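Shared between the two complexes below is chain A, which has chain B as its partner in the first and chain C in the second.
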Partner chain A sequence: MKKTSIVAVALCAAIAATTAMPVVPASAQEQIYVPLFTYRTGPFSGSGIPIAEGMHDYLEMLNQRDGGIGGVKLAIEECETGYDTKKGIECYESVKNKKPVVVNPWSTGITLPLIARASVDKVPVLSMAYGLSASAVGDVFPWVFNPPATYWDGLSMILSYIGGKEGGLEKLKGKTLGYIYLDAGFGKEPIPLFQQFAKDYGFNLKLYPVAATEMQNQSAQWLNVRRDRPDYMVLYGWGALNPTAIKEAARVNFPMDKFVSIWWPGEDDARSAGAAAKGFKMLNWHAVGADFPFIQDIKKHVTDKNLTQTDKTHIGALLYNRGVYNSMLIAEAIRTAQGLTGKKAVSGEDVRRGLESLDVSPARLKEIGMAGFTDPLKLTCSDHNGHLPAFMQEWDGAKWVKISDPIKPMMDKVGPLLADAAKEYVEKNTGWPKRTEACDKSS
Partner chain B sequence: MNLLYAIFIDPFVQMGGAPDLLVQTLWEGLVAGVLYALIALGFVLIFKASGVFNFAQGIMVVFAALTLVGLHEKGVPAFLALAMTIAVMYGLAFAVERLMLRPLVNQPDIILFMATFGLTYFLIGLGELVFGGNPKVMIADALFLPKGAIEFKFAGGFVSLQKIDIAAAVIASIMVVALATFFQVTRIGRALRAVADSHKAALSVGISLEQIWVIVWFAAGVVALTTGIMWGARSEVSFSLQIVSLKALPVLILGGFTSIPGAIVGGLIIGIGEKIGEFYWGPLLGSGIESWLAYFIALVFLLFRPQGLFGEKIIERI
Partner chain C sequence: MLYREAGQFKESYAADMAIFPIRQDRIGLAIILVAAFVGVPLAASDFVLAVVMVPLLIFALAAIGLNILTGYTGLLSLGTGGFMGVGAFACYKLTTAFPDLNIVVCILTSGVVASAVGAVFGLPSLRIKGFYLAVATLSAQFFLDWCFVRIPWLVNHNVSGAIEVPIRTLFGVAVTGPNASPQVRYLVILAIVTFLTWIASNLLHGRVGRSFMAVRDMDIAAELIGIKLYQTKLLAFAVSSYYCGVAGALMVFLWYGSAEPAVFGIDQSFLILFMVIIGCLGSLVGSFFGAALIYGLPIALRNGLGALGLQIPAATVEHLTLMTVGGLIVLFLIIEPHGLARLWQIGKQKLRVWPFPY
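Right after this comes the complex of A and B.
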């Protein structure tokens, strides 16, 4: 055999051996497998990177500081989705046989197809403040969780805020509200509710969809805004859409103090528009900054030891903290599941129960170093969301500044619509299984 | 009847009723069109010289802009970073010729096309490895690119021209004219056209294919850098710029793959056409039609001129 052939055969054998090798080592029985669907690459990486960093670092901190959760180490594995639904499904398929205790799709587009698979594969889906709003209805979607607020809650809070500025929601009559959004599952999600609100309160709604291919090419949409002269603009954007929208708003002289976003833009999105972004507003439900004990622990146990690829300038930034919040929910659900079942190495079925009984009380927030970081959260068997209030924050040219008290979602409006939407989902998806999972007493 | 009015009458009433918005829309279309033309030019140069549709042109825009900003972030002064980026694009052209094109000489075009796919993913990976996946802010101030806007009253309204857009239009126009002149007038330009007509004939008269390939890939790299700077300043430098670059495809369909004037005229038609279409007819279709309108315009043109506006009509004996 020629030398090159020998090398080729050896290479093939090595590749085959590597491919066959399980990613989770043999000791995985003693670990809790937590896959993280992330996007550190591609058009949405600007949003995806800090979130991935925050998610990873919090879980790694628990591993380093506490030896995992309840004495069981977490096996953390990232799968790169690029915010692409196809890749997201591939990620799900590649992890589902490794017995994940939960999956975090980090994309409404990826979440939607996973909703049907979750109950079959017994893997709970945690779509934290994104995904299908109706999946908050636990009686219909026992395997899907979207705390702490749905996109519909978010929209109702934005309208409450705008109504407050105008002197009452009834004052919106005859006004024009514009909605610029990513023309994908995420951006389309609140449209039915927005249309309902337009009918109820008598304002005109103008839609400005932005295709993913046009995120950095929005000038025509903003010319439409200039022509239509909406009184307020609402933004549901992600990735490069957000900084471009803020820049374009400034270009057409749209008043920035009347430009309000759902909770996704980060500091870099606002910063890239320079001084023109001053006054831009967004909803949020947790603090920004690094002055919290849990962040200090992350620094001490993870980033200072270089156990992460985190850019240290991101620590404490809005989307980094958002990623941490997501992992806090995972960790608390696992801890709750361990308490409920008495098992250490819990399964996806156990963590589903843990999520339904999740009770992040003020005392618990203090214990985990998050006092003052966010509000307490309690989920139940029927409420998989919590519908927490959020506050409005404003970009002052350099940082986010909290400018409002907590704004409650309009549950009198949103609640019945969520129930209707869940019912409609069941009707449209023939054979949707009735809930058979029992509710724990604590949930 | 209402629909017919909305399609055929109302947009023109709007144009007459608010001429300032019409001028603004035309301006936005012109700026986008010039940038599309610039991207398309990168494709045309390489296609003319090697018959390869360079799928990697879009990522070259991102890679060049990332290199510039990345070097500046590492403390390199802006203009030195610019010079170094140009050098990097030359290195890339050289490497592509040595490692990709030369071993694939005489292979079918589809093989070369697929190789540019490989190059695309290689550059994505390399860019992310070296500079990270974080979007970056273009160093417009350090490069003394103008900022702010010029606003003037017009027909009872106003027109706002962003200075960066004016700069983009001027720089892109200069670049297009310079490249067109270079390839039309100079010896290398004539050699390029000879290579485009026939590789074998060009070789037989002593033209070095390798040299021509390096030159055109380098020129395409410089075009990519210019596009990256201008588009990056309008938005941000991120990997989604690669998607914007694909807008050059309808431009190429329209202008022809081998025509420099075609790339320019095609870019302007697509740029202005999509902005006018989105602004005046978009609301009829629920808005957001820009993403496919460019292809629709190109396809309509194709019905009448399959070779594109300026493409060469290929007559093959069968």
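Right after this comes the complex of A and C.
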């Protein structure tokens, strides 16, 4: 028994010693610290791994090929969140003192607490096409950016695509649309807009919520789908929700070409349903595949030299390229910030300005080897989103195929909703600071 | 040698029945309190305060809540996460409805709402016991989870569906919201946790606590000596849920700053239950030990590996941490199945007779 108490005391001492140890800032003087919040573990790792790989590899490639951005190396550090809000906040607190230039929470649950902290800690939040839609309003949320489109934009694009197939949105009258979604902030956000569309165009809207704990058991929802026979199904899912929904849709013989998703399913999600997934559609705003100069550079400078943990079969996959797109935004924002301030080692405040003045023109896309990869993006002080058009792509049984031209979001419907939501946020959060950050001329 | 009670005479019944009968224990407690209230806020970095101390105290409070129910009264509950959620949502509704109300009052009052909800879900406990009660409380967890997601009134119809914590001040200093410094948040939480632990200690050492323990040890015998089972069990549920509710409100308002309903899922309930089991069923200090082990150890390991200067990818560190913590939990349970508080007690006992064990 004596031994046990010694063990206990020793362990307690060890715990105390390690927790008390101060966190030493890793970034040296001439480095730009870019923390990446990733999740390679946990229930969402299936989606999280390719994203993490893409984010890391693009920045690492810049380090290897160009020696960083503007001659300053990037200090890239991953922090594992496991898609868990607790750990996400822990990550944020641990990187905060190392002067991060931007954070990417990659989870709506982690984004929400950071929105309030961003302006206090002077760390811009880049929540790429997720998080709080209202944060697109830069006048209210100067420190939060969510390009290139919000979930409301996405829904309006999906509906205009469906309308186009039917020969006009008016033709939707009397039809039934089903909406299957993750029953959390992310999935519930589009509902008010969806209901408004239903009223305006006279279609019936059926809601099929899926609880986060029940993502892999959707038989009840799909039984209802079979009973209600909706003409179209719209999907807003993440993680295990997506493959399960596609599989269940195939099981109840729902016509796959009438099943349309927001931009989150990956190849594995569609592949899991086998041949039956053929015809499944989703929105996207960047190309899939590896036939781009920047990916060749990633291969040459990073993956072939084994400077990463990337599984080589992931390169060029949808979510890998999504991760790269995210890093491209970071890199371009840093470059813009360097141009604006004339400083080499930029700070979070500078990168916020860089994001506001972000202008990824067609010429610039060509320069960074992304011609044809995605559309140009321009952000301004008041528009932190861009509301970029996205295109529809279809699963042909083995890969994604682009099937439509870029579809513009219906800004006449989405715009007022965004303004209202931002106003409401300010009203509910009494003491929300008024924007004091000056606006740069170039934006 | 130092830890010896020779020469300490007890001259009254009160002294004999004191919670800390040994002088060294009282001195130790005083030192710990001074260190916690003065030393830690002065010495610890923001990271340690915000990421280690604040969550640790909140989890310890929740563990005390569950310990009152499971450890002292013997009623197994899996609804902790739900009750914490009730506290958090109640506090949000209160503070948005009465913006001028002191935030500490809001937090302490929100526990009352959780306590009422807890008592309602405690109703089946008179009829069902053991694992069956666990299932009944599980239903509370699922029902409350469902409410948090489906009743937009609870979050004031926020589009995000989450609690967005407003800025609240105490004597002119921001306590909640992004401007609240970790030091202030830590001190407020520490004060509340210390106060509630003191209340719990007194409650459990008195008539009420003894009736709880009588019910735990043998409910039929307890009934025979005149303890009303129904009232005692409901009271246990109410008190336990009060503590969980306050912990939930503290968690969202002074730690997260914004929370989706998913935070109060079944995972949270299990986490707290593990803390109680590892700490020690039926021990207040065990609740603190349990929280430290289950929540603090992974952080210590993560940062410890980083501080050693090893270049290990973040995901591998996570896997290593999970494996090590899992292994340590098994180890501790093998060394002492009654939890860390029992180890602590044995250690103290050994010290008292050292160096002449017999």
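Following the convention adopted for this analysis, the second predicted complex is superposed on the first by the 416 of 443 C-alpha atoms of A that agree within 3 Å, B and C clash if a C-alpha of one lies under 4 Å from a C-alpha of the other, contacts with A are read in each partner's own complex, and residues count from 1 in each chain.
Methods note: contacts are C-beta pairs under 8 Å (C-beta built on N, C-alpha and C of every residue); 3 or more make two chains touch, one makes a residue touch a chain.
These numbers come from a predicted model, not from an experiment.
Chemist: Quick check on the superposed pair: does A:Met215 touch chain B, chain C, both, or neither? Answer first, second, both or neither.
Modeler: A:Met215: touches chain B, not chain C.
Chemist: Could you say whether A:Gly109 touches chain B, chain C, both of them, or neither, answering first, second, both or neither?
Modeler: second
Chemist: Please indicate which partner A:Asp183 is in contact with in the superposed arrangement: first for chain B, second for chain C, both, or neither.
Modeler: both
Chemist: Using the touch criterion from the header, give the chain among chain B and chain C with more contacted residues in chain A.
Modeler: Between chain B and chain C, C touches the greater number of residues in chain A.
Chemist: Under the stated touch criterion, which partner chain does A:Glu78 make contact with: chain B (first), chain C (second), both, or neither?
Modeler: Second partner only, chain C.
Chemist: Quick one: is A:Arg227 in contact with chain B, with chain C, with both, or with neither? Answer first, second, both or neither.
Modeler: First partner only.
Chemist: Once the shared chain is lined up, is A:Asn253 touching chain B (first), chain C (second), both, or neither of them?
Modeler: After superposing on A, A:Asn253 lies in contact with chain B but is clear of chain C.
Chemist: State whether A:Glu93 touches chain B only (first), chain C only (second), both chains, or neither.
Modeler: So A:Glu93 only meets chain C here.
Chemist: In the superposed arrangement, does A:Lys428 touch chain B (first), chain C (second), both or neither?
Modeler: Once the two structures are laid over each other on A, A:Lys428 reaches chain C alone.
Chemist: Touch test for A:Val120: chain B only (first), chain C only (second), both, or neither?
Modeler: The answer is second: A:Val120 touches chain C but not chain B.
Chemist: Please report the chain A residues shared by its interface with chain B and its interface with chain C.
Modeler: Touching chain B in the first complex and chain C in the second, residues 40-41, 183, 211-213 of chain A appear in both lists.
Chemist: Using the touch definition up top, name the residues of chain C that touch chain A in the complex.
Modeler: 44-48, 50-52, 55, 96, 99, 145-146, 149, 156, 158-162, 164-167, 177-179, 255-263, 265-266, 292, 296-297, 299-301, 303-304, 307, 313-315, 317-319, 322, 328, 335-336, 340, 343-344, 346-347, 350, 357
Chemist: Can you tell me which positions in chain A touch chain B when the two form their complex?
Modeler: Chain A reaches chain B through residues 40-46, 48-49, 183, 207-217, 219-221, 223-224, 226-227, 239-240, 243-244, 247, 251-253, 268, 271-272, 311.
Chemist: Show which residues of chain A lie in contact with chain C when the two form their complex.
Modeler: 1-2, 4-5, 7-9, 11, 14-15, 18-24, 38, 40-41, 52, 77-80, 82, 85-86, 89-90, 93-94, 96-97, 108-109, 112-113, 115-117, 119-121, 132-134, 183-185, 188-189, 192, 211-213, 309, 421, 424-425, 428-431
Chemist: Looking at the complex, which residues from chain B come into contact with chain A?
Modeler: 18, 21, 24-25, 28, 31-32, 124, 128, 132-135, 137, 149, 160, 162, 231, 234-236, 238-244, 246-247, 274-275, 278-279, 282-283, 286-288, 290-291
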